[in-house]
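Order of writing sets the labels: A, B, C and D. Residues in every chain begin at 1.
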Amino acid sequence: MSLEERTLELLIGPQHPASGHMRLVAKIDGDIVVELRPNIGYVHRSVEKLAEVKKFLQIIPLVERPSLADTTANNLAYVMALEKLLGIDPPERAKYLRTLLAEINRIHSHLYGLGIHGVMIGSSTAYMWCFGDREPFLELAQELTGARLTYSYIIPGGVRRDLPKGFAERAEKAIKYLEGRMKDYFDIYFNNPVVKARLEGVGVLSKEDAIKLGVTGPNLRASGVAYDVRRAEPYAAYPHLDFDVITEEEGDCYARVMVRVREIMESIKIIRQVLKEIPEGPILHESYEKLIPPKLREEMKQRGVVKFPSVFANLRVPAGEAISRVEGGRGEVVFHVISDGKLSPYRMRMVTPSFRNVILFEHLTRGARVADIPAIYGSLDYFPPEADR
Amino acid sequence: MNIIDLLFQPYIFIPLVFPGLIAAFVLLLIIIWLERKIAAKVQLRYGPLYVLKPLGGVIQTIADLLRYLFQEPIIPKDVDKVAFLLTPVFLFGLAYLPLVIIPISPTYYAFRSDLSLLIALALATLAPIFTLIMGWASNNKFSLIGSVREGYLVTSYEMPIFLSALSMAVLYNSLDLVEIAEAQRKIWGVFLNPVAAANMLVLIYMSTSKFPFEIPEAESEIVAGPYTEYSGIIYGLVMGASYIKLYVLSLIYSILFLGGWNPSPSPDPLISGGVLFLKAFILVAFGAFLRAVYPRFRIDQAVNIGWRIAFPLSLLSILISLILILGGVSFGS
Amino acid sequence: MKIEDLKNMIEENLRGIDVEITTREPNIIDVKVSRDKIIEVAEKLKGKGFDHVKSVTAVDYPGERFEVIYIVSSYESPLSYFLVSLRTSLPYDDPRMSSLLSVWPSVLYQEHEEHDLMGIEFEGNPRMGERLLLPESYEGIPPLRKEFKVKVEGIDA
Amino acid sequence: MGVERTARHLRAIFTGMKYLFIGPRLTIMYPDEIEELPESYRGMIEYDWDSCIKCSLCAMVCPADAMKMYVSKEESEREGKVVKRPGINYTRCVFCGFCVDICPTNSLRFTGVHDVAYYTYEEQIYTPQEFSKGVPKPIYDREPKKVKAILDEKRGIVYEPSGRS
């Protein structure tokens, strides 16, 4: 019986408990995956086309929506591209606040990825624990920005809210809680022999393949490539902060999970530094601050809530091109904004980490078992809307 | 003999009332609720709550049962109707069969034979056949894969279970459950042959696809395995069958290793039966608790455990029993 | 490593090919090349250590030309600080160029997307002709082209 | 190898047991307990009719085309020129708060209301007059208790009653 007759074509998704908004077309021979092609595009909204009909400031909520669990990275990358075109640099305090929100977002984005991966290999406890322990960080973000996930916190020239009083103490409590829980996570899930059996040696990505396929984020670093945009091209407050780039060597599902867990610990270290070293000062660039009527400016300082200058409604960005990149939770976000001096960008290219990691589905599942498909899918922390945009 | 006395005749009472239909059904309702509550508590949440709130939603399963009863069971167009509809009935019905042979006190048993252990285990092996038929009848790729996985699992747990049971039968020099239970008056089987006890416990959880062996209906891989196309009461029957099988195997396990009804305060069948039921309940509850601790194995790993670990261990446990016998440990009448 | 010495290194590396190299901002080098020389330039850049493509952008200048921009970089420092934007322009009526898949496998999905949404033909890329993000049944103007108009609402009710 | 693996099995089961008996719970009993949201929370928007200077900046900046300018007839006649006031369409609003932050006279303000349900689509589109009548109150069938989310080192989040209900 030739290979064609033996193989069964299995359509995993988009209506499937563990496929997300995409379809995996898997050709399987018995329990072995012969070939798997991801079929994406189910939640494609063409953010790049919409951006060409929206004004510059209106694009901020638009670019955040695709990667809902990690919105700060897209928001920050887009605004950094605008600031390069506008030729302005945000005040120091605003840079520290951007870093603070980016790291809080990284922690609960990693917890989101770990939780989804947990339920994909069967551990509903890992899922419930991770999603439960995300809550304190969503509360922190809600207190700082006013929203739980869709912050739109970063605007050209600075940020929209100042640090509430007593935020550092509450943040310290949330961090101590997560640190205290880590031992139980390791006992019940990460060191669980069944988890190790399901993840170790599964979906191995060699260092050469990781580089050849151009993947990014924890999936890249788990194969031994020490590339992190926060070190390669430091932005916001990262030049002044001391942190390590987390890497593992094996490049299998377990290594990817371990990179995310250790990155949570690293983000905790960063948050503590930011909250300790954050300088005083304005949180909006003075060229915009002086456009605000004095009475509102006083109130702004006193309430810590930034008022937009009316020019923001029709922000005009000088003609030119800007490329910016940011290390999001799932990997490197690259923005390429081309402006022709009008109210809307001429062309905005947004490359998200999941779109660069989608090639791994084909590569890692060749020869794997059917039960390895969800294990590999979850370990990539892949988010379909982020890949489709 | 009026109807009441007839009811209390052992050959009616055991299969129908105590360890049989009604007790199993009540245990089924409680254990599904308990599983969700245990998993909820370990996962920092409450679980079912709003049905009879003061008691923590204890009749949630009854509410689910009513929902299943009134839900329309959707029968897909090109499905093998006869097999599709009958297999759940057989699966649920035959899951009770081994209960007829299980004694609950030295004098009170429905049917006694000197091969009762073999009969009980043999009847317990009927279930997987219907899962296979169910998978084929649903005409769905995921069901097919799920049922083939069940087939693989059967090959890897059925034999070691029999061998472990055999090792205890060798120790007690009898295949009759009543004699086995009576022989453990002084010391339980688990202390004599712990290898067989541990091995058989793991195999019981493998045979009823409890975590970490929840492989045939692995939700994140093959939707619901053989039960994908089922809905309404036929799904309810199928879901309940695996718990009944776990209950039956736990009863057999309690008799073999945990001394059956021993240290029962009085020879009255209800009391000694209660002790046996309690032990079985604890085993079933522990199976439910495992859902909150473990992810699931891959099918090749489970078969690997069955052949490379469980099978040699069951041979070893037979060896241990033989050594104990030769060493002069004697039981029996 | 400063941007000037990288620029000199690239200039020296690409001697003999008519290529236009300019530097922009602290870490971006633009390399403009015609479409039939792009594979050669790509191989030379890869030889220098630029091992992956971060983004493939096609820009539509209606009636005039299409511009395809490859943002290339390396994972190892010191090159990881720099971005090289390798650009070529295609005539508007014949948006075809050879795919760089043979040089950088990481362009597979990006080129496929630009083909799907902008209608650029990358010869050598196995995914041409297939849809990636658009529904299989979609016919008509590739949506990212300027001639594809999107309904816009004013601020009045 | 086998011994260490068994030890890990037992540790996993023991951790599960630990949480079974002494584990905290993170659940907030939503309809009976509602969380008192921080002051900066971006909920539904209230519109102050008088302080509005009708500059239509909010409609210009709205990313989701939710804020639209309605011509208000009687004011246009009275002042002789076209007067437009903002009305909001909550089916489109993404609660980003750009309109509130750009309004030069603070006549658009946030409220903590976020859990309001509507029967029809049209009900969610507010003309300026309805918009200025204030934010609808959520309807609960039992009087909910207001609780505050307190971050806690041992239990993550603890919801303590915050007095005023």
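In the analysis below, contacts are C-beta pairs under 8 Å (C-beta built on N, C-alpha and C of every residue); 3 or more make two chains touch, one makes a residue touch a chain.
Please read these numbers as outputs of a predicted model, since none were measured by experiment.
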Need the central chain here, defined by C-alpha centroid distance to the all-chain C-alpha centroid.
A
Which of the two pairs, A-B or A-D, is linked by more C-beta contacts?
A-D
Centroid from C-alpha atoms only, then distance subunit B to subunit C, rounded to Å. What do you get?
62
Between the Cα centroids of subunit A and subunit B the separation in whole angstrom comes to 46
Approximately how many whole Å separate the CA-defined centres of subunit A and subunit C?
24
Hunt down the residues of subunit B that sit against at least two other chains at once, touch-wise.
42-45, 292-294
For subunit C, what residues touch not just one other chain but two or more?
none
Going by residue number, subunit A touches two or more other chains at 125, 132, 188, 192
Which pairs of chains touch each other?
A-B, A-C, A-D, B-D, C-D
Can you check the complex and tell me which residues of subunit B touch subunit D?
38, 41-46, 289-290, 292-294
Subunit A contact footprint on subunit C (complex, rising order):
24-25, 27-28, 51-55, 57, 59-60, 69, 71, 75-77, 80-81, 83, 85, 104-110, 113, 117, 131-135, 143-144, 148, 150, 152
Help me check something: in the complex, which residues belonging to subunit C touch subunit D?
153, 155-157
Touching residues (chain side subunit A, partner subunit C) in the complex
40-41, 44, 46, 48-50, 52-53, 84, 211-215, 220, 225, 227, 232-233, 321-323, 325, 332, 334, 336, 338, 346-347, 349, 351, 355-356, 358-359, 388
For the subunit D and subunit A complex, residues of the former touching the latter
5, 8-9, 11-12, 14-16, 18-19, 26, 37-38, 40-42, 55, 57, 60-64, 94-98, 101-102, 104, 106, 110, 149, 151-157
